[in-house]
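Before anything else, here is the set of structures, which you'll find just below.
In what follows, chain A forms one complex with chain B and a second complex with chain C.
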Partner chain A sequence: MTFRIGKTVSSFALGLALATTALTPVAWAAGASDTEQERTARWQEIAKSIFGDRQIAQTDSLVKIEAPARALDAALVPITLTMPKDGQIKAVSLIIDDNPAPYAAHFEFGPAADPAELKLRVRVNNYTDMHAVVETHDGKLYEAKQFVKASGGCSAPMGMSDEEAMKGMGDMRMKFAETQPGKPVEATLMVRHPNFSGMQMNQVTREYTPARYIDKLTVSAGDQTIFTLTGDISISSNPVINFAFKPDGKPIQVAASDNQGGRWQHSFNPPSPTN
Partner chain B sequence: MTASAVQPGALAGGRALSRRGTLFGGLCLCCLPTLGRAAESFTLEEVGPGIFVRKGLIADASPENADAIANIGFLIGKTGVLVTESGGSLADGQWLRAEIAKRTPKPVTHVVLTHVHPDHVFGAGAFVADKPVFIGHAKLTEALSARGEFYRSRLIDLLGEDRTGPVVYPTMSVADTAEVDLGDRRLTFTAHGPAHTTSDLSMIDSGSGLLFPADLLFVNRIPSLDGSLKGWLTEIERLKAMGPARAVPGHGPVAVDLAPALADLTGYLTALRDGTRAAIAKDVPIDKAVDSVARDQRDKWALFDTYNGRNVTVAYQELEWE
Partner chain C sequence: MRLIVRVAASCAALLCLAAAPAESPVAVPEPDGLYAGPPKGYTPPTLKGATVIDADGLTTLMAGPNKPALIDVAAPDRKPSNFPAGRLWLPVHPSIPGAVWMPEAGAEPLAPEREALFYRRVAELTGGDTAKPVVVFCHVECWGSWNAGKRLVLKGYTGVRWFPEGVEGWQDKNETASLHVDPAWKAGAEPQAGR
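For the complex of A and B:
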């Protein structure tokens, strides 16, 4: 792969897209009772606000989205995105149609990525369709869909004070699965961050805790990008992301920022690619 | 109060049925047999001298059961009545208030709010007119501030506003231990560290020696984890050290021998802890761990399939940062 991400330009544009989607005043109907038609109409509206007039084709091979049919915990719904066609996927977006800010996450893959499988944890506020939209290197868009039953995930209180929730903010850990030489390495990135949704009430002031969430997360192997995540309030507190990368022996660098100016950087040593 | 208001099933069901009847042309016939069963099961047992407990249903909150799912009750002292648990809704609390009135003319002077969960606090609204002392953990006020309205709106969706009741806050807060004297019996309260929730309060009655651990002790019904798994195992040791022989669990039979009940609870929580740790160590992600951890406990607990996966989700988040 030889492409490079035009980082500054694309991230600005994406950040703007996320914010715009979040602020677009759309009268969401009660999610549980919506008809298939209403859901489809909503998706078309959201898709247009994110992707403009670009065509999005259905796929059942380029991306699959796995989520529990009924969430055990609406504030932490585990999602798996499977993209088996290595070398074709440039980026993937996760959209939770009925969330207050539907555009949950956008991953832009770099040359060190192996986008075969990606896991993350999200909040789900209502019975909703979830969409995964991949962009291939030839600039085409493909979508897959999954319906999830959950409610209250964005407004669910965290069960601790804001101060407690912010303890250790920016701490990170990375775990590497055992691997064979020449094969991609599976890794788990854990970030301490409350990812306040802006819909949770402060326990002392009884006012809503302002939204404070990881809006940008870049993971690189040496100077080769693995992925850049543009995030929003739908990502669960203490974000955990499972991904895979092509190791070259260099340390894994993680740079994170949040929407209130927080900046954190950590470096992790992956297992050696040779034995 | 009218006779029909004595039992929450009858009270609540009557209203709900007429409203549903209007809305759906009386199609909700499904509620009738359930209501009958629920109402029959609402009886109080005397578990010690002057101590009455109603066994909660082993079920989730539903329009038919008025969230009467916790073990609630009261004890009668020389100077007044202390409500050990108020109920899961205003309707449930009103039923309990009527039952108290049948047994004693003494005033209700104290109502315990054992922790933040809705099945343990929404009955309190039925006692506001008695102007009792509402006793709670020092952390209960902030927990209720954060979650009370959230729980209330969920309960209103199920039961309607009339049957749900207000969020009632503690007026006496216990940071460590506290005592209440009812003349002929003393109640000793202990505020626990994060365990089942972050606001667990237990009580021992000097008159009977009974421990009221509330939801620090689940029997038969699968425990639900909403505080700290490691903390809960610590607090279990503390309950043992208090030395009581018998206890009134938050869910399950109205009274049990404490040692074997705590052993069963420890068995589940240990399986949850060790299984989740093993999953984390083997890089089993959370979505797979929820289907594999603590499966050997499945036959031992009612509602296992409803709550175990959620418990694993909570435990995983606590233990993955160890």
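For the complex of A and C:
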């Protein structure tokens, strides 16, 4: 098990990386640049700004992050976070290192959650490492990493007018998978919302559409929280989130808000278990 | 119009896969002078007075005896005006190692002082040799590099190479380096782009 390098060492490593860059003459030969070193230094900088001096251990069991190695659409990159150790996971953060706003999403799980698998779709701006960092109930942090090839996702225009993109904003649908008694239920939440990144230029007016994105989304089973998502501009337009919960027969409540004061609430009735 | 934008958007999306510019559904003609339309979109297959090169061609050029000046004119990531204070904002600009980044030097219109600065910087980077190879690029399907190349052709540069695949085409097979804006370009007081 390796730990993320602590504060002192990390600044030393960063200094070393910078020094190396400064001392290396402009190198034309293939492979002479220090892409990997830059990626590591960047992750250390991001991790420090999000998690402070807390240590982050690497894991290959507490969380896995899956993404297509090469995305078909950089504005719609499907991500799967797998967290098989039920009962241990308190929260998970998704960080897209080379996005200008790297902290894409933070999910805080409640008592009604089954965090085994979580899916969402994100924008990817550059070829990048992605990190999933889980926090366990004992307060420890663990990270997993995945490299993704996609670029331009944050500024990709939606291909329609802003008015059209905002039509029906806040509408939601929820689909439930087949249920079995005593088993967690898988559900898919679809939210109609453009999640404007603020980096998208209207190609006709050449004005930038202001950022308008879902910043908070809480899903509950009755009065028990399943998860609370803190979102950012890296989440794709019309967010789709797959999750699982422990059913107790009560309706699923969804409350969403965006950074421009939009507020929406919806309620969905899960199917009753069939034998 | 909407359809065109949609087609363009889905092709741009596909390009994330292919990196190289797709075959445009319509042949884009070269404009007479500089292009003043939307900066993102299909570009012509050619640039009169310049040579179009691909990533392999660029690698070969860079490995050869007559090293090119590399000019990146990609726009920087724009921080949304209403991005909340306190959220992490940390833009990065991966590019071709050794390139000089002069964001939006291919904008049209461009403030005259800014254009003069662009010419001055290129003259410095080529040692005043207008026949020296100069590679201009930004992103795939970005008119900025086409315009920057055009500016150099109009100024009498004879070694202009336009690399339309841009950073996307490069990073597929090669290492990148995070660039900072060229200090002289950054120091210029006039607006970078004409809008």
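In this text, the second predicted complex is superposed on the first by the 235 of 275 C-alpha atoms of A that agree within 3 Å, B and C clash if a C-alpha of one lies under 4 Å from a C-alpha of the other, contacts with A are read in each partner's own complex, and residues count from 1 in each chain.
Simple rule for what comes next: contacts are C-beta pairs under 8 Å (C-beta built on N, C-alpha and C of every residue); 3 or more make two chains touch, one makes a residue touch a chain.
From a predicted model like this one, the values you see are computed outputs, not experimental measurements.
When both complexes are superposed on chain A, chain B and chain C end up clashing with one another.
In the superposition on chain A, contact is made by A:M201 with both chain B and chain C. Of the two partners chain B and chain C, more residues of chain A are touched by C. Legend: residue contacts after superposition of the two complexes on their common chain; A:G152 is shown touching both chain B and chain C. Within the superposed three-chain model, A:T80 lies in touch with chain B and out of touch with chain C [touch as defined at top]. By the touch criterion stated above, A:M169 is placed in contact with neither chain B nor chain C. Contacts of A:L72 after superposition on the shared chain: both chain B and chain C are touched. When the two structures are aligned on the shared chain, A:A116 is found in touch with neither chain B nor chain C. Once the two complexes are overlaid on the shared chain, A:A255 sits clear of chain B and of chain C alike. For the superposition on chain A, the stretches of chain B under consideration are 20-28, 38-46, 236-244 or 308-316; the one running into chain C is 20-28. Comparing the two interfaces of chain A, the one with chain B and the one with chain C have residues 72-73, 76, 152, 155-161, 201, 203-204, 206 in common.
For chain B in complex with chain A, the residues that touch the partner chain are 142-143, 145-147, 149-150, 154, 197-198, 226-227, 283, 285-287, 290, 309-310, 313-314, 317, 320-321. Within the complex, the chain A residues that touch chain B are 66, 68, 72-73, 76, 78, 80, 119, 121, 152, 155-161, 173, 175, 177, 186, 188, 190, 192, 200-204, 206, 238, 240, 242.
Here chain C touches chain A in the complex through residues 2, 5-6, 8-10, 12-14, 16-17, 38-41, 59, 62-63, 67, 77-84, 87-92, 94, 97-98, 139, 167-168, 171-172, 174-178, 195, going by the rule given at the top. Per the touch definition, chain A reaches chain C in the complex via residues 26-35, 38, 42, 45-46, 49-50, 70-76, 98, 100-103, 125-127, 149-161, 197-199, 201, 203-204, 206, 208, 210-211, 232-233, 259-260.
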